[in-house]
Amino acid sequence: MLFHVRMDVSLPHDLDHNRRAELIAAEKDRAVELQKLGVLPHLWRVVGQYGDIGIFDVPSNDELHAFLSSLPLWEFMRVEVTPLAQHPSDLAAQP
Amino acid sequence: MLFHVRMDVSLPHDLDHNRRAELIAAEKDRAVELQKLGVLPHLWRVVGQYGDIGIFDVPSNDELHAFLSSLPLWEFMRVEVTPLAQHPSDLAAQP
Amino acid sequence: MLFHVRMDVSLPHDLDHNRRAELIAAEKDRAVELQKLGVLPHLWRVVGQYGDIGIFDVPSNDELHAFLSSLPLWEFMRVEVTPLAQHPSDLAAQP
Amino acid sequence: MLFHVRMDVSLPHDLDHNRRAELIAAEKDRAVELQKLGVLPHLWRVVGQYGDIGIFDVPSNDELHAFLSSLPLWEFMRVEVTPLAQHPSDLAAQP
Amino acid sequence: MLFHVRMDVSLPHDLDHNRRAELIAAEKDRAVELQKLGVLPHLWRVVGQYGDIGIFDVPSNDELHAFLSSLPLWEFMRVEVTPLAQHPSDLAAQP
Amino acid sequence: MLFHVRMDVSLPHDLDHNRRAELIAAEKDRAVELQKLGVLPHLWRVVGQYGDIGIFDVPSNDELHAFLSSLPLWEFMRVEVTPLAQHPSDLAAQP
Amino acid sequence: MLFHVRMDVSLPHDLDHNRRAELIAAEKDRAVELQKLGVLPHLWRVVGQYGDIGIFDVPSNDELHAFLSSLPLWEFMRVEVTPLAQHPSDLAAQP
Amino acid sequence: MLFHVRMDVSLPHDLDHNRRAELIAAEKDRAVELQKLGVLPHLWRVVGQYGDIGIFDVPSNDELHAFLSSLPLWEFMRVEVTPLAQHPSDLAAQP
Amino acid sequence: MLFHVRMDVSLPHDLDHNRRAELIAAEKDRAVELQKLGVLPHLWRVVGQYGDIGIFDVPSNDELHAFLSSLPLWEFMRVEVTPLAQHPSDLAAQP
Amino acid sequence: MLFHVRMDVSLPHDLDHNRRAELIAAEKDRAVELQKLGVLPHLWRVVGQYGDIGIFDVPSNDELHAFLSSLPLWEFMRVEVTPLAQHPSDLAAQP
């Protein structure tokens, strides 16, 4: 089941520099891991932003929330979730 | 080069029924064609909406505009284009 | 899997009166049916609005889209879908 | 009398860690208590957010305000209240 | 129980002139009636607008919805309802 | 002359606790005083908010600004002023 | 007493041409008249818009509403009223 | 003097087809003419939209308004004007 | 050439008190000076706000930017600039 | 390939003064450099704002993101990117 997730990061300018570096490294590790697990089949950066668009493939809403809320940068993100359905014109849906 | 395109369709309720059916059929044919051409690698329906999210893969802005503005339903669409870049945590970008 | 759906209806003032009455009756029949099926465990009217808040219980995004887009009044609705997860303080989640 | 309440929490990143933990624990205790009292028949987490949707059942506006404004995290919440009425298609309203 | 209701009217410019006059007269009669019943203790016009602010005094959400949705101009109104509570600094609340 | 004033208070979480208590007490005293003077014939709390709706009765715009800008919490308020006129359906305006 | 009024005109494209011309001529006559009466000391066109900014000088809210709601184009205007006060740095307010 | 102008066109779907074609041809002629006159040094189409961004070079606000309000499609445009100043980092401003 | 400028001031609550007083005094001096120079023919306070509406009369966009960006409180202002043209119904424009 | 980029800068008022001066000087150097490279053929200041409009000419989305995200002030900017296409009425596109 696919969900479109927009994630915009806003780090406070007075955040401790080591903490900032740790958070960013942990976020990257987690993003790579989620891709390897097949949970995050697509991940793009939005041009000009510290923001991403990801497509999540998960079996349920609860699991999606668990993945998102455990992201290392979640506390500093604005997140917007949009459920996706198969498009009637999707090649895979054609007879 | 990838672009994220949100397309929301709003057909006037007093549109002629034959014209409506023709437009929708033509839109579907074009969407299938763009997928076969590799121009539209992803196309999803937004749950609950007469609206889509598509990822376009095109060589230039001009070509993207040509594809979008020649969609049969373009006149009745609200379109929002977001340029995408490779994400630094994209698996394909890892060493 | 639960989804929160806000549905706001806007019927054109020049819609044929018989068609209007038919649509409203069909919408009511469908709403009753969806409740009997267990698909729509909660349905409320928003005070002062021709608008509803419904909680849908469905196995997938695709099925939710199928239910919503086949509502008799769907063409005249603004729909907003919000996926829900179990709350950590939900009584049912306590040890 | 039912009210739909959206509650979005935003904790300052420089809030003392013990105070944060105390507030969150107190909020959870209160949420469980309100459910046991029947004041909060439904409580969901919004997927991807530190935010909730709750349905409150209270005898008056004044009591709803008293419940909301005494939540431990109220100071850090954006709250939006929507009064609900029985839906004309509600199963319970059918003859 | 008090509710603050903002009502903005927008009549289609091609509405039949007799129907328009009838609706406006009926709306006025109903507004006077609601005041006499004590349901609408305050009613103001917003300067420069075809719009009102009314304070409704009703025993329940359901009754408020019944009053609003039966207003002759309801079909042409944008309505916004805000529940009110007694203010802690209200003279009537002082010891 | 009546004005509808929405006042939303937002106190910084790191404001000194004594200063906070003093401000809130001073605000309450002033609100009571303005009611006794007849300047503030109605004052309500918005359910779920640290925010108010007040109806001010003043002889001029300048005096309204003087009253509002000298409120103890003014510095921490978002204020929205809407001028009101007598409603044509107001009981007091009927022949 | 001064009020800042933004007026944006939107005429339906299918409005009868004679009626359109009459309305525009009547609006101009009324604008000239209000200036001669001293009610409208300033009137500007917003560059690029069919919209105006006017400063009205009136003795009360009720009179402002009467002036605005009797403008020939009022039915087709979006109106926004902002009450003004003397600025503490106004030359006329200096000792 | 430079102004940034965003122009978004919205033609009613029931506009007569000949009138539509005439308007679009006249708009194009005028756009070419303004470029030749040096009034419109830059004109771009926004990708995916029936909308433009133009940079106008005019001696005054009044002349800018005259140019914009006499565009053949002006009646069907949403226009947004932003005044521009020389950037302190502009190459032409460097010593 | 006239420009309508809305200026809203937001001073951080933890700004040093002496600095605050100096800035406000300097802003007032500058506002008086600009009025004496004829650059700021009108300046009003918006009722209920720490915000102003000013009409600037300047020979060019560059000079307007120079005036605005050198205001003592500019760093703490949200500024919105709207270019004005002579109104076709302006008394001064009548034959 | 052209992109329209709006960049609005917001520096925290408690940023260290030396750091602020360094950032602003570095930003200026980089803006001059990008112009010399032909990457930034147009750069304007928005009147009244600490904000810019730039036209970027780059071969790809990825390069645009690299340029923008390495701007010295990027961390403090709100950035909005709009892809541009050749206008059908552009002089250069005429036969």
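Per-chain residue numbering starts at 1, and chain names A, B, C, D, E, F, G, H, I and J are given in the order in which the chains are listed.
Everything below uses one rule, namely that a contact is a pair of C-beta atoms (placed from the backbone, for glycine too) under 8 Å apart; a residue touches a chain by one contact, two chains touch by 3 or more.
Since the model is a prediction, treat every value here as computed from it, not as a measurement.
Enquirer: Going by the stated contact rule, which chains contact chain B and chain H alike?
Expert: Under the touch definition, chain B and chain H have J as mutual neighbours.
Enquirer: Relative to chain D, which chain's C-alpha centre is the most remote?
Expert: The chain farthest from chain D, judged by C-alpha centres, is H.
Enquirer: What is the distance, in whole Å, between the centres of chain B and chain I, each centre taken as the mean of its C-alpha atoms?
Expert: 45
Enquirer: Using the average of all C-alpha atoms in each chain as its centre, how far is it in Å between chain E and chain J?
Expert: 50
Enquirer: In angstrom, rounded to a whole number, how far apart do the mean CA points of chain C and chain F lie?
Expert: The mean C-alpha positions of chain C and chain F differ by 39 Å.
Enquirer: Provide the list of chain F residues touching at least two other chains, using ranges where the numbers run on.
Expert: Where chain F meets two or more other chains at a single residue, that happens at 2, 14, 45, 47-48, 61, 64-65, 81-86.
Enquirer: Who touches whom among the chains?
Expert: A-B, A-C, A-D, A-J, B-C, B-H, B-J, C-D, C-E, D-E, D-F, E-F, E-G, F-G, F-I, G-H, G-I, H-I, H-J, I-J
Enquirer: Flag every residue of chain I that touches chain H in the complex, lowest number first.
Expert: 1-3, 60-62, 64-66, 81-86
Enquirer: Which residues, counting only chain J, touch chain I once they are in their complex?
Expert: 13-14, 45, 47-50
Enquirer: State the interface residues of chain G toward chain E in the complex, per the touch definition above.
Expert: Within the complex, chain G touches chain E at residues 5, 12, 14-15, 61, 64-65, 68-69, 75-76, 79-81.
Enquirer: For the complex, which residues does chain A have touching chain B?
Expert: Where chain A meets chain B, its residues are 2, 4, 27-28, 31-32, 35-36, 42-48, 52-53, 55, 82-91, 94.
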